[in-house]
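See structure below.
In this document, chain identifiers A, B, C, D, E and F correspond to the written order of the chains, with residue numbering beginning at 1 in each.
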Amino acid sequence: MELFNKYQFLGCESSFKESEVVLFGAPYDGTSSFRPGSRFAASRIRIDSYGLETYSPYLDRDIDDYRVHDAGDLNLAFGNRDLVLKGIKEFTVDIVKNDKKPFMIGGEHLVTLPAVEGVLEKYNDLVVLHFDAHTDLREDYMGEKYSHATVIRNIWDIVGDGRIYQFGIRSGLKKEFEWAASGHTFLEKFGFSKLEAVINSIKDKPVYVTIDLDILDPSIFPGTGTPEPGGISFVDMMKIISLISSLNIVGADVVELSPDYDPTGVSTAVASKIIRELLLVL
Amino acid sequence: MELFNKYQFLGCESSFKESEVVLFGAPYDGTSSFRPGSRFAASRIRIDSYGLETYSPYLDRDIDDYRVHDAGDLNLAFGNRDLVLKGIKEFTVDIVKNDKKPFMIGGEHLVTLPAVEGVLEKYNDLVVLHFDAHTDLREDYMGEKYSHATVIRNIWDIVGDGRIYQFGIRSGLKKEFEWAASGHTFLEKFGFSKLEAVINSIKDKPVYVTIDLDILDPSIFPGTGTPEPGGISFVDMMKIISLISSLNIVGADVVELSPDYDPTGVSTAVASKIIRELLLVL
Amino acid sequence: MELFNKYQFLGCESSFKESEVVLFGAPYDGTSSFRPGSRFAASRIRIDSYGLETYSPYLDRDIDDYRVHDAGDLNLAFGNRDLVLKGIKEFTVDIVKNDKKPFMIGGEHLVTLPAVEGVLEKYNDLVVLHFDAHTDLREDYMGEKYSHATVIRNIWDIVGDGRIYQFGIRSGLKKEFEWAASGHTFLEKFGFSKLEAVINSIKDKPVYVTIDLDILDPSIFPGTGTPEPGGISFVDMMKIISLISSLNIVGADVVELSPDYDPTGVSTAVASKIIRELLLVL
Amino acid sequence: MELFNKYQFLGCESSFKESEVVLFGAPYDGTSSFRPGSRFAASRIRIDSYGLETYSPYLDRDIDDYRVHDAGDLNLAFGNRDLVLKGIKEFTVDIVKNDKKPFMIGGEHLVTLPAVEGVLEKYNDLVVLHFDAHTDLREDYMGEKYSHATVIRNIWDIVGDGRIYQFGIRSGLKKEFEWAASGHTFLEKFGFSKLEAVINSIKDKPVYVTIDLDILDPSIFPGTGTPEPGGISFVDMMKIISLISSLNIVGADVVELSPDYDPTGVSTAVASKIIRELLLVL
Amino acid sequence: MELFNKYQFLGCESSFKESEVVLFGAPYDGTSSFRPGSRFAASRIRIDSYGLETYSPYLDRDIDDYRVHDAGDLNLAFGNRDLVLKGIKEFTVDIVKNDKKPFMIGGEHLVTLPAVEGVLEKYNDLVVLHFDAHTDLREDYMGEKYSHATVIRNIWDIVGDGRIYQFGIRSGLKKEFEWAASGHTFLEKFGFSKLEAVINSIKDKPVYVTIDLDILDPSIFPGTGTPEPGGISFVDMMKIISLISSLNIVGADVVELSPDYDPTGVSTAVASKIIRELLLVL
Amino acid sequence: MELFNKYQFLGCESSFKESEVVLFGAPYDGTSSFRPGSRFAASRIRIDSYGLETYSPYLDRDIDDYRVHDAGDLNLAFGNRDLVLKGIKEFTVDIVKNDKKPFMIGGEHLVTLPAVEGVLEKYNDLVVLHFDAHTDLREDYMGEKYSHATVIRNIWDIVGDGRIYQFGIRSGLKKEFEWAASGHTFLEKFGFSKLEAVINSIKDKPVYVTIDLDILDPSIFPGTGTPEPGGISFVDMMKIISLISSLNIVGADVVELSPDYDPTGVSTAVASKIIRELLLVL
């Protein structure tokens, strides 16, 4: 009798050593200002991923043909943001030092900061592709410098102008939009019509891709901290993944699924499929 | 320590006196025939509106730059429809007599009747722009002359032919469609392709805008009394608001959010954002 | 192939003519002040009743051995309270005139008023046994004389002092408790310790039993308009039904299930079982 | 007083004898591998269908003008797949032998196999139009030859090459897509751009239409066993129904609504409306 | 950084070889007649068990002091009941042949049949302690001999009179109660007042304990296939476990959690704690 | 027309100056390890409190006869635990310095630490009465000294032995129970049978009462972070409040309602009623 007894994303059955990509969960949502619960995302995604096929008719690729290791979830201390950030960075550094690519499942968006810091240890000319409904460019949020609402600004503090490309943005402070427009980041409102041009301009660079799933319209992805109507469709997301497949992606994350806010389970199914597709282009 | 202690829609912090627009809730759902609960809409919208930003990237305007007073909710007697209608009308008359614009959050659609009656006291050449999935043109509904399913017909009884413009309609009796087509109202099925032309033809008139949120597709707005698949998208609604911004809108309402039927909270977020946008063009 | 094609409560398959008891639904919730939705109770109960057995191990009786007709639901006009009350009264009169017993599934508690009025046409010395969390003794509610919060007072207006017995009451205005205590009704707070004595004192009278299901603790019955913690248990309710089985019950109702507020479905299962038991003692 | 006391889909009030179309439910979900519950679909659809109008503004037809009999639900034994298949086939044969058209509400997709077998008894040149997110072409599933994941292959075993047309497919094993592509079935991935051409080629044939509702995007139809993002819209489905209205449809089914997975009720509303439209073109 | 990467019940970290007890899931719900979904129980329990402590203040024991192996879930073919029963039996035989005790998490109650059969291979004088709301003594159910509603009768077919003890029973056909009362099984209605006496009479026998969680009142355990109000409390269940701790329990199961029907998650928490306690007395 | 426009708990309409008790919300849940969301408690309680009456039949008192000020919610920075603790302490100090009593609605249990610290500024012989399912006595939790799981230990660090009384405790590490038993705190497992004796022994002392609502059984209070079956009933809680009414209570809090985990709304109703009763004995 066959047994199901693994805590793994569908098809991610390689050992750490033999793998090219290392998947891991970062279940932290401590700075979420509206609806918390993204801590449960990785766990729920693993279970529900078995509702998918390993084969993608979009990309005509099969995850069984790739070597991915699922390391499980980091044990992060709720309530101590600094320790959380340190733990994620160290784990990411360990992956890149072993010449593998990190693939993180959030958690809230702040977890992207230490993951990018980790990848920068190896690739100091890293470029960040950011897909999101929100600018995430505040200098501080409710007095805090490190938050889900400041994370891209925090990354900019490290990488500086011209290294961050933002798509799908449809919510933020007026001054965030102005700050971006003054040349600090490339920011496209609402959609991704200029993604192809951007891809051409960065195709020689190592790229980190961060997908805040709330870029999707809440009709297809209600299970998130701050649902913002007016987002892109799932088919749009498939197009984005197809477009970026030519890039040299050296790390990626998918964040902000808050599964308990979607009792239909569709949000988790959407996240799982996006992860499958993204793994197939890594 | 800053305190949060107001029962107000985001950014609507002006006093009645200094305001141009007066927001209020009309929590009545007594004639709903399918799923009641729109009585909870205004209360839930106020709380959840704090998940939004005050700045709209669609309109490049900020609600903090406008003077809106949030008067709270009318205390309406459930079970006595006539008293409810009277109360709403009197409150609306009070607003227009003070040279302010009423902005009502329903409640079911019947609440539009007394609000229009109130506005008519000042603007007797008023034109009504009606966005909805349903015709609402029955002469009576289950024997009742005043109901959410008769409300536009009730308004026609007062204003007569050529004063009502209906968009997005996709459900009704055959004879309602025929009655409209015989010239009593302008009615566009499914969409709003002729809205621009209509706007040109009424641009000198005072306009009342009533938005039954079930015009939206239930994928993005499931939390309503009678969900009707095949509706317009949120982006369509942003286009509508942009189009009507050139009009002389003297009153408006947003009705038929039934928040308890959407456990994801997305419907409330959608309603809140539409209210923000509509306030910004009033 | 056997077919399931009836809209009936489990085992209530007699024709009107051959029946002793006539079950019907009164789907009205127009004066509910907090959470509406009891209009859906009868429909949901019928469907879910098929999850029960026809045999009661509590009473050692089987519903298949009794003759009950399920007439379906009255088509009531939402928004017109007076017509609703008139319709229920007429239907009840029709039942008692045919020497059958009415068994009504609410709806909100106001529907009890016309049902009692109907039964009084035949039994003018009727006594009312009232099980509820709430006093329902207000003179008016938000200015309205006829409401779910006034219904027992409305009945008192007709039958006068000494004819109403209230049990399980745990919420009301101070002056309602005082009014009852001054001799107008018999009212026991919280429980039913004096039910047996009351039963002895009324055993020669025709009795109408009205059960507002919110007498139950919301742990076992969350699906109701105004949940009041501190109620009786399901086993208590079985005891009550056993106790009253010796009475000459000539009419009964079960009201205030609001099924959509209990996604587990337990409230509907509870209501169904109470109805089965009550039918077995009628 | 009018009574609501029928267990019927809206407007399907003809007797078996006078009807042209016979509607029935097949509440079986025994081979569902992910989320069961489609057994509840027919029951929920009947109740909620009364939230619709009988008139379709899409087709400008009214269901009151057609003769449809609603036979209720088959009483199927859970746990014994073979008996279930036999029961459905016999019931379908009975319908076609009486020169009527069967219209089945599932249940899971496996119920289509016996319905097609039944229709084949009369129309041995039957063509099958299949709308679905999934290929359903496996030879076996978890060792089982008869399953929701093999049903179209099971039908192919009977009808052979060139008789099955599949649209909207976006999930399956690589080898299923390859098997189809080798000429066994016509299969269009993702959409239905070639439906019109297919219709022209089969317009002289008797056609069975099977709609697995998960062809719809889960934004509008979350209540299903295996939600697959990236599906078609409700408006697309209206187009499909309009396109196929010229065909000689001799049987049809609508399967895989699992209503309890959509607490908003929208999925049931969507299914109900599709059934109304499909009845209007039969 | 510590990682969470195991698919295990809390504290069940021993290997098969070193363990005394082997836990496994049997995710089958193919004969459920009302609400399916117990297939998800084992998976959900494992994840949520980490919300518990390993220490029981009821028993003053800690699960970390015991050697339990969690084997994962059996891969069972939905739709083929006979294969499912065979697979469970073989797996159980394998456990008892290795001198370990099986502890199964259902699934629906039918899975108890093959588990008991497996244990009987080693202990032919086995006694069965059965805790349930339902008799489960039908000869057949909807024509089927093997079903969740017949399972105890199926076991009786093997072990015969005087070997089965049933507690908490509160639902069934009249003839099931009569059949039990004629001496075939010991059956206590509603509670477990005679459990202590029974324990004394069987203390020299090997005992199999099967707990259908619907013995609990649905107030504390709504997430089950057929909720039956009037059940025992969680504290009662703790007493039962304490009472049976003196027995020679050689196998056990906990069945009929259907987690998706309880959105609060409490049912899963209850099941997890009962499993912890039962493991501590095995 | 009367308006509802206040963000206040029912009946708490006094100004800060004229009040004896100051109610405020502390919406922080940053160290919750299982299910977050207690940040929403105060907001939801305020809205739903209007479903209650101001009169308590338990205590025969009416909240309209008392002077309570509702200050609203503190604006706390998620992600910075230290700032949160500081803010709550300062606000509490401000209340006690003005000779008023603080009444805090959490938030998670850690918020009790700064509130007690604030009250200690005035009453240095303060005694703490602690009602909870959990010991909350860990020295650290996942490496963190300040957490919802350490809060009572943190308070002990300040007040020392013999000042803390714990009731209802049914979950914790073995060593926490042992630590308490060695004389550091008074701890009663499961219930509160010794509460009366404790009350007699502390009746001359100023008392702070902290109620973690998860002391209640999850049947009546499912909406909490870590539901623990086996808790006390609502009626037990009424008894506790009645018992402690003779004490000199100088501050109180009610924590750990996580309303989104109870879609029935009952948990919020329970919390609201407990707050009403507790206000009436302050």
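We adopt the following convention: a contact is a pair of C-beta atoms (placed from the backbone, for glycine too) under 8 Å apart; a residue touches a chain by one contact, two chains touch by 3 or more.
Protein identities per chain, from UniProt: A, B, C, D, E, F = Agmatinase.
Since the model is a prediction, treat every value here as computed from it, not as a measurement.
Chemist: Please give the intersection of the contact partners of subunit E (Agmatinase) with those of subunit F (Agmatinase).
Modeler: Touching subunit E (Agmatinase) as well as subunit F (Agmatinase), we find A, C.
Chemist: Give the fewest steps needed to get from subunit B (Agmatinase) to subunit C (Agmatinase), where each step moves from one chain to a chain it touches.
Modeler: The distance in steps between these two chains is 1.
Chemist: What pair in A-F, E-F or B-C shares over half of its contact pairs, by residue number, with B-D?
Modeler: Match found for B-D within A-F, E-F or B-C: E-F.
Chemist: Taking shared residue numbers divided by all residue numbers at the interface, is the value for subunit A (Agmatinase) and subunit F (Agmatinase) over half (same) or under half (different)?
Modeler: Interface between subunit A (Agmatinase) and subunit F (Agmatinase) is built from largely the same residues.
Chemist: Quote the value, from 0 to 180 degrees and to the nearest 5, of the angle by which the CA atoms of subunit A (Agmatinase) must be rotated to coincide with those of subunit B (Agmatinase).
Modeler: Angle of the fitting rotation, subunit A (Agmatinase) to subunit B (Agmatinase): 120 degrees.
Chemist: Which chain is most remote from subunit D (Agmatinase) in terms of Cα centres?
Modeler: F
Chemist: So the centre of each chain is just the mean of its C-alpha atoms; given that, what is the distance between subunit A (Agmatinase) and subunit D (Agmatinase) in Å?
Modeler: 38
Chemist: Between subunit D (Agmatinase) and subunit F (Agmatinase), what's the gap in Å when you average each chain's C-alpha atoms?
Modeler: Measuring from centre to centre gives 55 Å for this pair.
Chemist: Can you list the residues of subunit A (Agmatinase) that touch 2 or more other chains?
Modeler: Answer for subunit A (Agmatinase), listing residues that touch two or more other chains: 35, 75, 217, 219-220, 261, 263.
Chemist: If you go through all the chains, which pairs of them touch?
Modeler: Going through each pair of chains, those in contact are A-B, A-D, A-E, A-F, B-C, B-D, B-F, C-D, C-E, C-F, D-E, E-F.
Chemist: Hey, which residues of subunit D (Agmatinase) end up touching subunit B (Agmatinase) in the complex?
Modeler: Listed in rising order, the residues are 51-53, 55, 57-58, 60, 62, 217, 219-220, 234-235, 238, 263-266, 269-270, 273.
Chemist: Would you pull the subunit C (Agmatinase) residues touching subunit F (Agmatinase) in the complex into a rising list?
Modeler: Going by the criterion above, the answer is residues 34-35, 169-174, 177, 189-190, 217-220, 222-223, 226-230, 261-263.
Chemist: Residue numbers of subunit A (Agmatinase) touching subunit F (Agmatinase) in their complex, please.
Modeler: That would be residues 29-33, 35-37, 39, 75, 77-81, 83, 110, 141-144, 146-147, 260-261 of subunit A (Agmatinase).
Chemist: Which positions of subunit C (Agmatinase) touch subunit D (Agmatinase) when the two form their complex?
Modeler: Touch residues, subunit C (Agmatinase) against subunit D (Agmatinase): 1-7, 24, 43, 47, 70-75, 87, 90-91, 263.
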